[in-house]
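Across the two complexes that follow, chain A remains constant while its partner is chain B and subsequently chain C.
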Partner chain A sequence: MPTTRAGRPAGVTGRSGRAIGTAVVAIFVLFFLIPMAWLLLATTKSARGLTVGSPFTPGTLGDLGRNWEQLFAFQDGAVTLWVGNSALYAAGALVITVIASIPAGYAMALTRFRFRRLLLVITLIVMLIPNTALVLPIFLELNSVGLIGSPLSVILPMSFFPFGVYLTYIYFSTSIPRDLLSAARIDGCTELQVFTRVALPLAAPIVALVAFFSFVQSWNNFFLPFVMLPSSDGYPIQVGLTSLLASTPAFNPSSAGSESVQLPTLALATVISVLPVLIVFLFSQRFLVAGMTAGGTKE
Partner chain B sequence: MRTSPPLRPRRRGIGWAQRLEITALSGPAILMFLAFVIFPVVMAAYYGFYRWKGFGVPTNFVGLDNYVTILQDKPFREALLHNGLIVVLSLVLQGPIAIGFALLLNQRMRGQSVIRVLIFVPYVIAEVIVGTAFSLMLQTSGAVNGVLQSIGLGSLQQDWLSNRAIAIWTLGLILTWKYVGFAVILFLAGMQNIPEELSDAAAMDGASYWQTQRWITLPLLMPTIRIWAFLSIIGALQLFDLVYIIWGQYVSSTAGTSTMATYMVTEGRNAGNYGYGNAVAVVLFIISMTVALAYQRFVLRRDTEGALTGGR
Partner chain C sequence: MSYAFIALYAVLTVAFGILPALYALYLAFTDAEGGFAGVGNFTKVVGDFRFMPAVGHVALYLAIWLVALVVLVTLLAIVVHAVAVRWVSSTLRLIFYLPGALAGASSVLLWLFVLDPAAGPIGGLLHLLGFDSFVEVIVPANLPPIFAVIAFWTGAGGWIVIMYGALNNISADVIEAARMDGAGRIQIAWRIQLPLLRKWISYMGIMSLAAGTQLFVEPQLLSQASNAIVPNDYSLNQLAYQYAFQQNDFNGAAAISLLLLAIALALSAVFVLRGGLFEKD
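Up next, the complex of A and B:
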């Protein structure tokens, strides 16, 4: 959605008002920027340089290289494994989420059946359920069917994503004319054919939006894999970070052994684990904000 | 509550074949719902009545004992209090900042789109990473204290994370850093739905900029603010990752930042008392749902009425 606002009144009038406004914005932007900048710079320093030097002078590429080596040498390349696990979990959850939520949102928006409204209300209520409270019972449930430790124990619960159903519902009920579907039905399409031949081809934007939210949520999820996965081989990077954290002497004095991790290395690990989400976000932020705004106009 | 649209080709209800197909469409979602909401909730309620270590079938039925213990346990009450404080801190810190900033951004301004992306970035970063980064910076010998020293404010240096009097405020500030961007984006979206004619008309009638914001933009933004506050409250009640990462599982209760969720993990999973942990899950569930439904009922009602029952 283009956000030109030509014709809107200039806003705070007067030169002093505008100067104050700019100053406030600048302070606020610094508040956001400084921690990120500090973290990026920290990856280029040695452990000593991080504590001794000024926080905002860049380090050297050599130190960045050494931190990189230390990070990927940690527990024989565990970090590579963890990033791969994260990708597997997020991708698996994304696929199942899309398969489950797109047809359901469509059915609630554009078909008629007796429990349609009930399902909609349930979806809204389920979106409020504290996920945190569900994780422990889900652990026991999956434990009883012997799934604990397998990738499915993380992927399946991650794929439960009522927000995706809701977004799809909003999308289909606001942007696809019912007459189009009625016409297809009159032409002899069955309900499934109406969905696959008429609705689905028009659904690309909402599939992308649901996929984005699902990916970010799964990639960032910590609590669920933390509870589900007993062995560090299966960790996603978010849980792996806690292993790194526990091997950092500054946080855990008892860990000053051979495998100890220095602070700049830890900083590098955090930067690496943000990158995938950040890249996806930066490429999709335009349609993302548009999607949020479109959802807002529904009300 | 409006009735169906005027144009409906077949009024006679739907055949069984059609019904089957609709079931097939919504089936996977319903299956997920049963497997990962209904079943766990029922099981949690069941296990919560037992003293159970997680092996085999629970046999040691203790009735409401677990619940009595939870409500009498001082660490749990403290955790509940901390959750309450975090709710209040989130609302009073993030709300005014986000509204003010959204008002500023809702004008023609150079670099506006860049700023919007920038303030939204912390929201997509995982709490684990935010937690790790801030614990790096806020250590006693960390960057924040270093900067304070170098600009001559050495007396303001603190043990930001371990000082019981300060830790919860530190947590509030970190939460602000992470989540205020989301609020700003939400408010900006809300402001774009306010017709420009209204503020134009007010300006023509001689209203100042601030009067326009106070009497036109703010009241019309209230539905968005109420939804944001709702999401914020629910999030604050469930807080786990950030606290667990920064304060670890044992320090958090002494630093005054433990939450119901960290209590659940420490007492339930880590201690191997799964019956007790499930009872805590049920309590957390009931508290969150009560707050959510009460908020829906008394605050959000007029806003969501359209969304819930309207449409078609």
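Up next, the complex of A and C:
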């Protein structure tokens, strides 16, 4: 880490400070990387190879194939079903979230109406509470109207996404001048046309951002589907992992049987369960970070 | 017309934000027959022999996690920010940030592997520390630090990136002036960068405190993986879940949920209403 600037020689403290800094960074790089690297390697090994070999040697493609077959044969293809469910819930919630959030954020930023401030404060407060805090209350509510177990019991609560509304609100209030909208109104646009013809075409980045965040949050959600969906057929993959875990003799000795899952197979399931989100993370870091900091850029 | 724009969101807000909270409030103060129960449900759950241990578990986990988060995230953000080579800095941030993709059950499963001395990547280290089997690793005394490590591994990167962004906002002139005055790197970090990061650090602390009280998936999976060596009522949210699903006592479950919700709401409201970080208008 070069720290010397403009020809100033680094002092002794500078050099030892740099060494300490490098050591700290190196330790944490290992801490963050080792589990992920190991997980990827584990999917290419046989159950025996995982325990006898060195942890960081790659296995074979053949073993990866066998793990793949075992995983997708589990309970007659339950994993395929779970991944499909995850996709359905995340996509359903994404669509409703975008349809609900974008106009709402727009209206809160650029129009005036009664209860606007109230809605804004509620949005902020709910956005900052952890989403698990409302899971059991929502369960109790939906249980009283008999909605438990249907896909809607996870899709609809996931579609309530105040963070998306807040991001949209910030975007419209900072990057679209009111004059532009006034000009459109003078030209005879109705309020709906102002939104669809002027605001919406400028909002592509924020639609993508809200969609990404909604997808990541829904895909990774565990507690909500765990509580709402009693039947294994309805599990998303995150909850399905618990079934796989329960059938892994290495962790749960009582589960040894015909349907038992080996460690490398469980590792492969873990990788598959995060793959879509991992891809989103890899290719849109800048994007996601912009969203995470959007709330607090104002000094 | 504005009402048409907000209609769907307003309906969702009422249905999945306000109504559940009000319904939980109603349940928490009534009995199974719907009669008024006063604070009966609260005294019942707080008096439950499992309640105080669960509070203790969560508190210990929070203490370890929050201290680690505040100290290490700040340290790492400042160190990574001092890296002058651009691609090194951005690669480091990506490495710290990527585990955030593994949330919930996936990251817990991954750490079950890591903590298994027989198969995991740090088996040698675990043996060295005297742990020869998975069951020995997950004895109750070890759980709060284990959960703290899992939470740190998953969540720290996002905060490091946020802090890094905040450090970028500090004007280069200020840093240069301090350097001219003879301030070293550590003095700059301590006297200039740290005070300017303070509001982000408190934001991180409060959000993490609120999220941490909700502890559920980690002990839940570990309980399953350990054949109930880890009890299934380790955390408060698990206890609420037990009330709802094992005892069919929705009033008790609502009482615990409401206590947890109240903590989260209070922390969030303090932040929003005190203002500063978030733009209300």
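Everything below uses one rule, namely that the second predicted complex is superposed on the first by the 258 of 299 C-alpha atoms of A that agree within 3 Å, B and C clash if a C-alpha of one lies under 4 Å from a C-alpha of the other, contacts with A are read in each partner's own complex, and residues count from 1 in each chain.
Basically, a residue touches a chain if its C-beta (ideal position, glycine included) is under 8 Å from a C-beta of that chain, and two chains touch if they have at least 3 such contacts.
Treat the numbers as computed from the prediction; the structure is a model and nothing was measured.
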Practice problem: Identify whether chain B and chain C fit side by side or clash on chain A in the overlaid structures. | Solution: clash
Exercise. Identify the partner contact of A:S159: answer first if only chain B is touched, second if only chain C is, both if each is, neither if none is.
Key: both
Quiz item: After superposition on the shared chain, which partner residues are touched by A:I27: those of chain B (first), chain C (second), both, or neither?
Solution: neither
Quiz item: When the two structures are overlaid on chain A, which partner does A:E141 contact: first (chain B), second (chain C), both, or neither?
Solution: both
Quiz item: Of the partners chain B and chain C, which touch A:R185 in the superposed model: first, second, both, neither?
Solution: first
Exercise. Return the residues of chain A at which the contacts from chain B and from chain C coincide.
Key: 3, 5, 8, 11, 13, 17, 21, 24-25, 28-29, 31-33, 35-36, 38-39, 42, 51, 55, 99-101, 103-104, 106-108, 111-113, 117, 119-122, 124, 126, 128-130, 132-134, 136-141, 143, 156-157, 159-160, 162, 165, 173, 191-192, 195, 216, 220-223, 227, 238, 241-242, 245, 250-251, 263, 266-267, 270, 273-274, 277-278, 281-282, 285, 289, 292-293, 296, 298
Practice problem: Using the touch definition up top, name the residues of chain A that touch chain C in the complex. | Solution: 1-3, 5, 8, 11, 13-14, 17, 21, 24-25, 28-29, 31-39, 42, 50-51, 55-56, 96, 99-101, 103-104, 106-108, 111-113, 116-117, 119-126, 128-130, 132-134, 136-141, 143-144, 156-157, 159-160, 162, 165, 170, 173, 191-192, 195, 216, 220-223, 226-227, 238-239, 241-242, 245-246, 248, 250-254, 263, 266-267, 269-270, 273-274, 277-278, 280-282, 285, 289, 292-293, 295-296, 298
Quiz item: How about chain B: which of its residues touch chain A in the complex?
Solution: 4-5, 7-9, 14, 17-19, 21-22, 24-26, 28-33, 35-37, 39-41, 43-44, 47, 54, 97, 100-101, 104-109, 113, 115-122, 124-129, 132-137, 139, 141, 143, 146-147, 150, 177, 181, 185-186, 189-190, 192-193, 196, 199-200, 203, 208-209, 223-224, 234, 237-238, 240-241, 244-245, 261, 264-265, 268-269, 274, 277-278, 281-282, 284-285, 288-289, 292, 303-304, 306-309, 311-312
Quiz item: How about chain A: which of its residues touch chain B in the complex?
Solution: 3, 5, 7-13, 17, 21, 24-25, 28-29, 31-33, 35-36, 38-39, 42, 51, 54-55, 99-101, 103-104, 106-108, 111-113, 117, 119-122, 124, 126, 128-134, 136-141, 143, 156-157, 159-160, 162, 165, 173, 178-179, 182, 185-186, 190-192, 195, 216, 219-223, 227, 238, 241-242, 245, 250-251, 263, 266-267, 270, 273-274, 277-278, 281-282, 285, 289, 292-293, 296-299
Exercise. Spell out the residues on chain C that touch chain A in their complex, using ranges where they run on.
Key: 1-6, 8-10, 12-13, 15-21, 23-24, 27, 72, 75-76, 79-80, 82-85, 88, 92-106, 109-114, 116, 118-123, 134, 153, 157-158, 161-162, 165-166, 179, 184-186, 199-200, 203, 207, 210-211, 214, 216-217, 220-221, 224-227, 237, 240-241, 244, 250, 253-254, 256-258, 260-261, 264-265, 267-269, 271-273, 277-281
